[in-house]
Structures are given as C-alpha cells and as structure tokens.
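Each structure below is given as structure tokens.
First chain A sits with chain B, and in the next complex the same chain sits with chain C.
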Partner chain A sequence: MNMNTSARARTAPTRPNLTAYAFLAPVAILVVLFFIIPALLVIYISMTDLATANFTSDVGQMTFIGLKNYETLFSDPYARKIFFNTVFYVLVTLSLFNVGGALVVALLTAHINRRAGFFFRALWLLPRLMTSTVYILMWERMVADPPYGILNQLFGVAGYGTVAFNTNHIWTFVILVNGIIGISFGMIIFTSAIESISKDIMNASLVDGSTAMQRIRYVILPLMRWPLLFVLSYQTLSLLTSYEEILLFTNGGPGVYQTEVWALTAFHRALSNYFGNAQWGYGSAFAVVLVIVGIVLAILYLRIFRFRELVSEPKIENL
Partner chain B sequence: MQVDIQNLTKKFGDVTAVADVSLDIRDGEFVAFLGPSGCGKTTTLLMLAGIYKPTDGTITFGERIVNLVPPRERNIGMVFQSYALYPHMTVFGNIAYPLKLKNVSRADQQERVKRVADVMGIGELLDRKPAQLSGGQQQRVALGRALVKEPDILLFDEPLSNLDARLRLTMRAEIKALQKRLGITSVYVTHDQVEALTMADRIAVMNKGRLEAYATPEDLYDHPRTTFIANFVGNPPINMVDVELAQENGQVVARCAAFTVPLDSERVRKAVAHGRKLTMGIRAEDITLGDDAALTGEVYAVEPLGREDMLDVRIGAESFFALATPQQRMRAGDRIGLHIDAERLQFFDPATGKSVLWE
Partner chain C sequence: MVKVFRLLLVVGLMLSGIATAAQEEVTITARCQANIAGGEGWRCDNFAAVEEQVEQELGINLTLNIIQDSKGWADYKTEFVLAAEAGEAPDIILSGHEDIGAWAAAGLIIPLDDLIAQHEEFADVVPNLWVSQTYDGKIWGIPQDAEARPIFYSKLLLSDLGWSDEEIASLPERVRTGEFTFEDMLATAEQAVAEGVVEPGKGYYHRWGNGFDWLPYYLGNGGEIMTEDGQLVFDRDAALAAYELIGSFVKRGVTPETMIGTESSAIYAEFAPAENVLFYQGGTWQWADWARNYVADLGGNDFLLENVGLMLFPAMNDGVPLSLTHPLSYMISSGSEHPDVAMALLAAVTTPEANNRHAIDSFHLGILTTQVESEAYAANPVLSGAHYMLDYTRFAPNTPFYSAWSNAYWAGIQAAHTGTPAEEAVELAVTQLQNELGDQIVIR
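Right, the complex of A and B next:
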C-alpha cells in the first residue's frame, strides 16, 4: 500500500505534465521565437561593434567587444541628460495623465448622468483612434512658434502677445501630446473597476453617511487597488518604451537632445543616425538598459502593492 | 421616529415603479413591505433611504419633510441582502465606518463598536475581513454597522434571503427581539410572507407599484381585501374556485363544473346578497377530511412535511390543497370526503378581485 502510493507519486506527474506541456507548446514556441530569441539577440548585439562605420568588404561584420558599449554609454554625457529627460517625462505624464488624469476622468464621468459620462469618455478615446501622424500634425500647427501657429493667431485676435510655445515650452506640449492619448487606457480600466463595485456597497456607503469625497477615499479607491497597480505598472513600462509621438513631434529636439528620451535614443543610434552611421551595437545597449530598468520597476510595483495580499483567503464556515 | 408617506410615486422614464403609496409608520413600529419581485417595495425603501428621490408625494420623518434630504442627513441604518460589507475593511473598520465619517473620536469609536459587536455576538471577530466570515456572521456585522450610529430608522432590504433556512429562523427571532428592545422604527422589505407575518407589527402588501393592503398580520390573513392578498399570504396558498351561488330547497349551494356543495354561514349569506357568480377562497386548514361529506375527491399527490402531510386533492378539474395528519396515512389515489368550514370562507368579485366580505 505504502509502496504503491510512493511509486505512484514518483511516476504520476510525468504523464499529466506532458499533456500540460503539449497544451503550452503553441504559445511557448511563439514566445521563444518572437520574444526570447530576439531579446537574447539584442543582448548579444549590444556586446558587439555592429555598425555601418565598421563594415568592411564583409557587410554585416561584427566583433564581440564585451561590455565596451556599456562603458561608452555610462560615460556619455548626453546619456545622463537623456536619462533624466526620460524620468521627468515618464513621471509627469504618468501622474498627471495616464494614471492621475485617467482616475479623475473615470471618477467624474462615473458620478454624472450615465449617458453624459459615456459621451465624455468616448471623446477621450478619439486621440487614441486618430492616426498618430495626423494627430501630431494638428499639434504642430497648433503650437508653432510666431508668426505661425493657431494658438498664436488666437492670442493675436484676443489681444495678447504671442508666445514661442515650440521653443520655450516644448516639454509642456510633449507631455500634453502623450498624456492626452494616454488617459484613455486607464480611464477605461478605472471606469469598469468603479462600475463593478456593487451597487449595494455604494448605497451602504451613502446611508452610512459619506460625502462624495469620503466615498471615493474610503470605498472606491481602496477597492481599485488592483486596477490601479495594473495601470500604473503597465503605463510606466509603455511610457518608458514609447517614442513614436516624440519622434514625430520633436524628434528629440529642439536643440541638443532637449526632448530626447531613452527609447528614442535607442532608435536613433541603431536605426536613424543623423550621420548615416547606424550603430546597432551601441543602440542595443540602450535597449538592454531599458529592459533591465523595466524589470526592476515591475518587481518593485508588485512588492509595493503587496500582490500576494490581493489573493483572498478561504472562508471559515461556522454559525 | 414616526414616518409618514403621502401619495409617494416614483417613475423611471415611462416606467412607474411606485404609484401613489400612502401609509404611516408609528414610532417604534416594525413594518414589513411584502410583495413579489418588481412590486416596488425596494424602490420605496430606497426612497426612504434617500438614495432615490420621489417623483411625487412626500416622505416625512417626524415633523420634517425629507424628500430632498441626502441619505447622510437622515440618520438611518440599512441592512442589505448582499450584506454590502466593505471587503477591504476589517469587521471593526466596517462597524466603525459610519462613526469615522462623523468624525467621532477614536476612543469613542472603539467603545461604541465594542458595545455593538458584543450585542451582535461578534466581539471576537473584529480583526477579521468579511471574506473570512460566514454568511450569518457577515449579516451580524452588517446589522452592527447599521446600529452603531443609533439610527432613528432601520431599513432592511431582504436581509435574510441569502442565509440558509435554519439560520434564517434564528436571525428572524434575533432581529425581532433586538428591534423590540431598542424600539427603533423599522421598515423591512421581503418577498417571504413568513418573515413578514412573524416579524411585522403591520404589513404593507405591494403589487405592481401599488399598495394593496396595510394591516396587521392577523387581519391580512383573516380578512384579505383582494384575491392578490389572499393568494400571496398563507402557505399552502389559498384554494380558489369560481362558483355560482344558488338557492336550492331553502339552502345556499355553491356550484361549479366539478361539484355542487351546500353551504351555510353568515359569510355565505353576506356573499349571496352581493351577487351570484363569485370566486370562493378556502384555506387548506379550513378543510377537514372525513368519510361522510358532501364533497368527495381523489388524492392526487401527498407531500409529507413532517408535522403534517400536504395533500393535493382533485375534484373533477378543480385542485385543492388540504392538510392531513401523518397518522391518516393518505396515499395518492385514495378517495376522501372534504368538509368545508363555511364560517371561514372568503368570497371575491371575479371581475374586480375585491373581497365582497371586507371593505
């Protein structure tokens, strides 16, 4: 009897595991092929001197140079500037728009008439639906430096002086351009989280004597911990790696790297070097640093929000 | 706190959920709102709570018209069917929440929560989260939360519907005893007539948004004003037969396709005076089984309930609920005689559904 069970314990797991692996295989193959292998390739390329300038008759020649690209990166004075640009850009866009703004829009539209709420949320979706080139063109026309720019024209009509928005306030607009798109994601998640709080709990809170602000603080926000964590971490990572709008809007300028962010640098170095020298190796080093920062942040978020506690404990049935 | 409801109406767009309801609730009274789902009882309760605003009519608490007073200024406690505990707060946090909102000092919160928790028998559970409690414990916490701010009015929205049958019985008695002891005016919404009959001082029966009746449980059971009330109150449901009353050999007989039976009582004479075609109601307990009876039927089904057996007796196309003792050993297929207690019959006008006996 004892022998039997222990023998089964040793052999039984293999069979179901095989089935489980078979079910996992289709996705696992895709992940390995399109995620893990490219990641490993990027890590490898980041340790080579692969660049058009180093090409000889053998196009595509690369030499393994260890961590030399990383040495260059960490001693690059501009890398420091770009790093702080990125931190500033991510923090401000995230807190004012992708999380903060989304939360405000979701809370406001949940507290007004249902149809009106739906209408306003639909409005906020428009920037995300629009082709980014068209969206950016509109912003460019809007905030162009004097004597151009729709805003400046309006200022002129209203009798105010003109402002060199593009030259002097470019960060404001880089953040606005990204934030206004970024709101919709969190807004949708937060709205559905608010609406999934049971009607009885909202009513209980009303009867218990809460004002709207007290209800938000003591009931709604605590019940939204998981969606908040999700949007915060997801949007941090996507802001860290997004550069499309900045590329189209300022391409990192004006001036020297004024609005250049880390992901854009990786792109510039590897694929779009001004001098026609595509430094794939060096660009990959930038990308790898970004991946590491992203992983560290993700782990931090899970720790701070005590993910384990979100899993509820079993019920005790008595009485 | 006495409550007065006058011509209360609530419309959602084109749908009228509550229509022209008027009733008064005395200080310390326990009133049940009874009706099938969708009858408007919960809507009425939510208007009392201040969560819905009345479309028309007035609600008065004491001397004050509260139609537009927000819930937090009404000093009410409410208990929900789903318990509606805050899942992220401990039991202590849940009960203390109404006090926290009123900026009661920490020490006072501690003391008052402890006191209420002891009354509710949940003193040892204060550190638990709602998910770690059983349904009965959760409902006690919810009741504690409703009581902690010493409300003028307690509102119950089917609080026992999610509990198992045995626990429901205990909680029913506890809530009733607590309400009597504290003397808090209470409104209790339920679709369970047993809850309403056992707990309430008066029952407001609602149907399709209207108030069908507002009376004591005894009055409701003995003097149903409409067929709806007669049908809704009582278990097993009252037996209804459309009959024609006629004089035969100086005696009143009730006649329908299935049978003819002589009846004689004050109620029957009163009914005859009103009209001939009537709906006759007979409660199961007013039918006695015996051998020599004017009516005979066939037992179609027997449901043993322990203390008694419920019989479904067929006479022609008509079906009657009757009660038998288990000792009578009734079996499906048995033929039995039925004595009807003519003094306990109900008669309704088939066109309007109104009682011809009681106004």
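Right, the complex of A and C next:
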C-alpha cells in the first residue's frame, strides 16, 4: 500500500506536465517560427552590410561585418535625439492616455449610470475601429495649413490668426493622434477589472463611510495591480515598437528628425528610403536595440509589480 | 474552278493559322509610377499604344501587363527590389535614374549598350540625358522624361513692384546670361516685402521637404557630389555657402519660418493665383497641376501664361545659372526573359509622337532632339520655352551611396533653416557622412 502510494507520488507530477506541454506546443511552435527564428535572423542581418546594392535573401551570401552597424549607430549624431524623442513619446502618451487616460475613463464610466457608461466607452472605441489611413487623413485635414485646415478655418471664423499646427505644435498632435487610439485598450481591461471587484468589498467600504475617492484609492486601485501591470507593460512595448500613425502623419518630420522615433528609424533605414538603396543591415541594428530595450523594460515591470506574488497561489490555499 | 478556289482558300487559311500559331507568345510586364490625374499616365500607357507595332515588327504575339499607380517612391522602390529577389520583377521598371547605381550594383537590372545599338530611335535622345543613365561606364536606363526645376515668378507682383513689361519679359534671359543673380532675386523679394507688395515671408518660397531640389544651392556654390572617376565628395565651402544662403531666407524676411513642413497643396494654392508669392522654386510638371486644379476658374493655362513666368536658378557664387533635372528611366530587369522585346517596346515609345503625349499632358520636358521641332511640342509655349534649360541642367549622381549623402546634406539644411549657425550645420552633415560612409567619402 505504501509502496503503491510512493510510486504514484513519484510519477504523478510528470503526467500533468506532459499534458501541459502538449497544450503549449502549438503556441510554442508558432512563437519559435514567427518570433524566435525571425528575431535571430534580424540579429544576424544587423551584423551584415546588407543593402539594396548587395541585396540577397540568401543568408549565406550576406557579408558579415560584426558590430560595425552598432558602432555606426552609437556614433550617429541624431541617434541620441531619436532615442529621447522615443522616451518622450512613450512616457507622455502612456501617462496621459494609454494608462492614465484609460484609468480615468474606466473609473468615471464605472461610477455613472450603466447605460451612459457603456455609451461613453463605445465612443472611445471608435478611433480604434477606424483604419489608420482614414484616421490620419482626418487629423491631417484637421491641422492642415491654411486655407485647408479645419482648425485654422475655425480660428479664422473666430477672428484669430492662423496657426502653423503642422510645424510649431506637431508633438502635441502626434501624442493626441496616438493617445486617442491608445485609450481604448486599457479602458476595456480596467473597466472589466473594476466590474469584477466583489460587491461585498465595495459594500463594506460604503458601510464604513468611504468617499468615492477613498474607494478608488484604498479599494479599487490596490485590487487592480495585475491589470495595471499588464496594461502598463503591454502598452509600453506597443508604443516603443509602433510607428504606423507617426509614419502616416508626419513621417518623422517636419524638422530635423523632429518626430522621428526609434522604430520609425528602423523602418526608414531598412525598408523605405526616398532615394533608394535601403540599408537593411543598419536598419536591423536599430530594430535589435529596440528588442533589447523592450526585454529590459518587461523584466523591470515584472520586478516592480512583484510578478511572482501576483501569480502565486492565494495564501488561503496554503492554510 | 470554284472548287479549286475554295480549296486554295481553305489551304491558305490553314497555313495562315499555322503561321499565327507558330508566332512566339511573349508576355511583358511594365511597372510605372505615375500621377494619372496629373497627366502622367502615358508613362506606361504608351506601351499599349505601340503594342501592335512591336508585334508586327518582331512577328510575335505580345501580351502586355501594365501596372501603374502613384504609390510613394520609397515603397515603390522596395517593391521592385523584393520582387526581383523573389524572381517576380516586371520586365520593364520605370524609376528615378538615381536608382541605377544601387540596382546595377545588385544585378537587378541589365546594361543596355548593346541593345541600344540595335535601335536607331535612341540616337535622337538629348545627348546630355545619357549622362544620367550611365554607371560604371555602361548605360543602364532609357530616359523617359525630363523636367526643369526652375524658379517661377509672378508677373503681376513684379508689375506691382514697378517693373516694366520689358523688364519682366527679359528676366529669363537676364538670368540666363548671369546678369540677374540669386542675390538680385532675394533683394527683389526683400523689396517686395518692404514695399508691401507681398506679405512678410512671401517673397521666396522654396521646397517644403526632402528632395533633389536642394542640390542647386550646393552645386551653384561650386559644390561637387561625385568626381569624374566616381569618388563621392562633400565640399565644406560649398555646403557652408549653401547653408548660409538657406539660413538667410527666414532672417531676411522673404520666407516663412514654417516653410519646411508646409503642405505642397497649400503652397500651390498661394502661388498659382500669382497674387501672393513673388518667387517660387518648383518644377515644370506643377504647371499642369496648377492649370487643372488651382486656377482653372481663372482661366487655367491661359491665366498662368499671362501671369506666371519661369527662369533658370539664378547664378550664385560660381556665376553660372543652372537647373536641375531628375530624369525618370526605363530599366530592364535582369529577370526578364525577353529583354529584346522589352527594348523594342522602349524604342517604339522613344519617338516624338509617343513622348509628346506624355510631355504635353504632364508638362514634362521632351527627351528627344527632334521633339522640340515637332508641331505639338512647339505649340506649347511653356515646354518649348523652357527646353533650353536642359542645356544648363545638372543631375544627381548614380551611386549606391547617394541616399546617405543626400540624407546628411538634408539634415544640415533643416538645421540651417531652423537657425543653427551654418558652420554647425556643416559639421553635423560631415559627422553623419563620415559616420555612415567612412572611406567611401572624401570631405574637402
């Protein structure tokens, strides 16, 4: 009897593991095929001088140049500016919109009439539902130079002079364009997290006489650490690697790399050059730096939010 | 007798059927970038117009696939490179001549010297244009169109400034002879602002973004991009003069601070009516756009002819007026199975008749010597009047490194335009060039 029990104890853990691996396998294969292998290829290409003038898709024919592209990148007179553009863009968009704005919208719409809350959340989803090109065209018309810009026409009617929104206030609009799309993701996650907080806890706080602000500060926010970690890390990485709207809206201009972000530089260098001869190898070096920064930030977030504690079994299970 | 005739007829038809069936089936794909609304559709449509002629000449059954749109140049070029690598490149690709350097080096296109020798049509091409099609001692492209990138001026505003009709009419010639210089032009723009003929900042409009149009400032100040033996160079003195000049536009009050980044449509809307902006640096093809889309209600082309003129880029430090041309080139991809047929098509569209369709519809300059004498071309006063500019034209070089050179030069321009001292702008450009090109560039 004892022997049987001990034999079962030895073999039991492997079975669920195998089952778990079997379930994980399809996703793991996809990750290896469409992330790990491409990432390794990009890392290799970043150590070659691949450009239009010697373009080949045969990895064996590419000329290996070691870390030369990274040397060029780190001594590029504009790399520093592009890096700080990216930091500024990510921090401001994240704090005002993708996390901060999303949290405010979720909290506000959760504290008003349910139907009204649903209506306002649906409104915030509209920009996300629109295709990027149409969305950007609308913004372009909005801030266009006189006589075309809607804002400038309104300014004209109101008796103000014209404003060069496109050139003098471009960062404001780049952040607005990206932020207004970015709110919806966090808003949905935060709203569902708020809605799923046990009514008992909320009622208990009401019985204790808490104000709305106290409930948010001492009840809701502490219970939202997990969704906050998820939205913050996901949106940071998403903003770091996103350039689609900036490409369509300003293409990094109008001044010297004025709104150029790191991911857009990687695209410009590797895939899109006005005068031809795209630098695939050099562009890949920019992309690799972005991957490294993303991994470092992800690890930092997991540590700051104590990820292990968040995914550990509830203490009540250990009693 | 009737039976015999019928028999002969049947046999004849069968033989002709066999002969037709024996004709080689050839498919040629041509890819063009064209603003069709701006009259540029003939870039590829001309192939359809000469399809039957080529079929008869070569005795083949030709199937043409024409792909033509106005996709942005950067995406268009990447598309060709990737298609070529995938073995799916079009037989004929139209692109800027500056791509010849990189595409020839990568083996994506074929040299055309031998094929050119087989077609007498090419002897009619303006000789100067072959310079732009040459790389490494061989010819890799056939000029499709050319243009002048002149300075346009408002006759109305010059008249308001007190210029006589004779003075206005003689301006292009005075520029050509070097009598009226770039400095004179800026002084005139300053005067127009000072006397209230134009608002501040509307004396001289230049290019709004990156492009070839910035080269005259460097070339006109004695700059050289590539030596005759193919060495890429950057002249500090020429760049300094160019950046000082570009930086002075805003300081002198003739150009708005926000010029770089302004939309082209907003610039056209201001310049084309000839009442707001005195001088504008543009390209001849824009005339067609203005006539159709900006001043159609004022009289279109007739209004422009009466109120707008064009002249060479007036002489700067080196004392020689200039213009810039960025010829587009037909190239044959190395993956083409029928380069001889592709070349026959190119020869058939390199005629005054075919090229006039494109030139006149889109206001591009002709590429053939006899084209100037053709009735249709001569009847267009803008094109025939500007054709002389091809004698003063300069080109960007064909080298794989031009994009790196140009990006560095452009970054310096933006810096100078926004108030960075010209010396610092030069250092920025030099640092970037040395960083990216290393031994490939000589800084002088």
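Keep in mind that, in the parts below, the second predicted complex is superposed on the first by the 275 of 319 C-alpha atoms of A that agree within 3 Å, B and C clash if a C-alpha of one lies under 4 Å from a C-alpha of the other, contacts with A are read in each partner's own complex, and residues count from 1 in each chain.
Keep this in mind: contacts are C-beta pairs under 8 Å (C-beta built on N, C-alpha and C of every residue); 3 or more make two chains touch, one makes a residue touch a chain.
As the structure is a computational prediction, the values presented were derived from the model and not from experiment.
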Which of chain B and chain C A:Ala51 touches, first, second, both or neither: second
Which superposed partner A:Ser242 touches (first chain B, second chain C, both, neither): neither
Partner chain(s) touched by A:Asn98 [first = chain B, second = chain C, both, neither]: neither
Chain B versus chain C as contact partner of A:Tyr78, first or second or both or neither: second
Larger contact residue set on chain A - chain B or chain C: C
First, second, both or neither for A:Asn178, with chain B first and chain C second: neither
First, second, both or neither for A:Thr265, with chain B first and chain C second: neither
Footprint overlap on chain A, comparing chain B with chain C: none
Interface residues, chain A side, partner chain C - complex: 51-57, 72, 75-78, 144-148, 164, 166-168, 170, 253-257, 271-279, 282
Touching residues (chain side chain A, partner chain B) in the complex: 198, 200-201, 203-211, 214, 218-219, 222-223, 225, 312-313, 315-319
In the complex, chain C residues that touch chain A: 73-75, 77-78, 81, 85-86, 95-96, 98-99, 101-103, 105-106, 108, 209-211, 257-258, 260-263, 265-266, 269, 396, 400-404, 406-407, 411, 414-415, 418, 428, 431-432, 435-436
Chain A partner contacts - residues on chain B that touch it in the complex: 46, 49-51, 70-72, 76-78, 80-89, 97-98, 100-102, 129, 131-134, 136-137, 145, 149, 155, 167
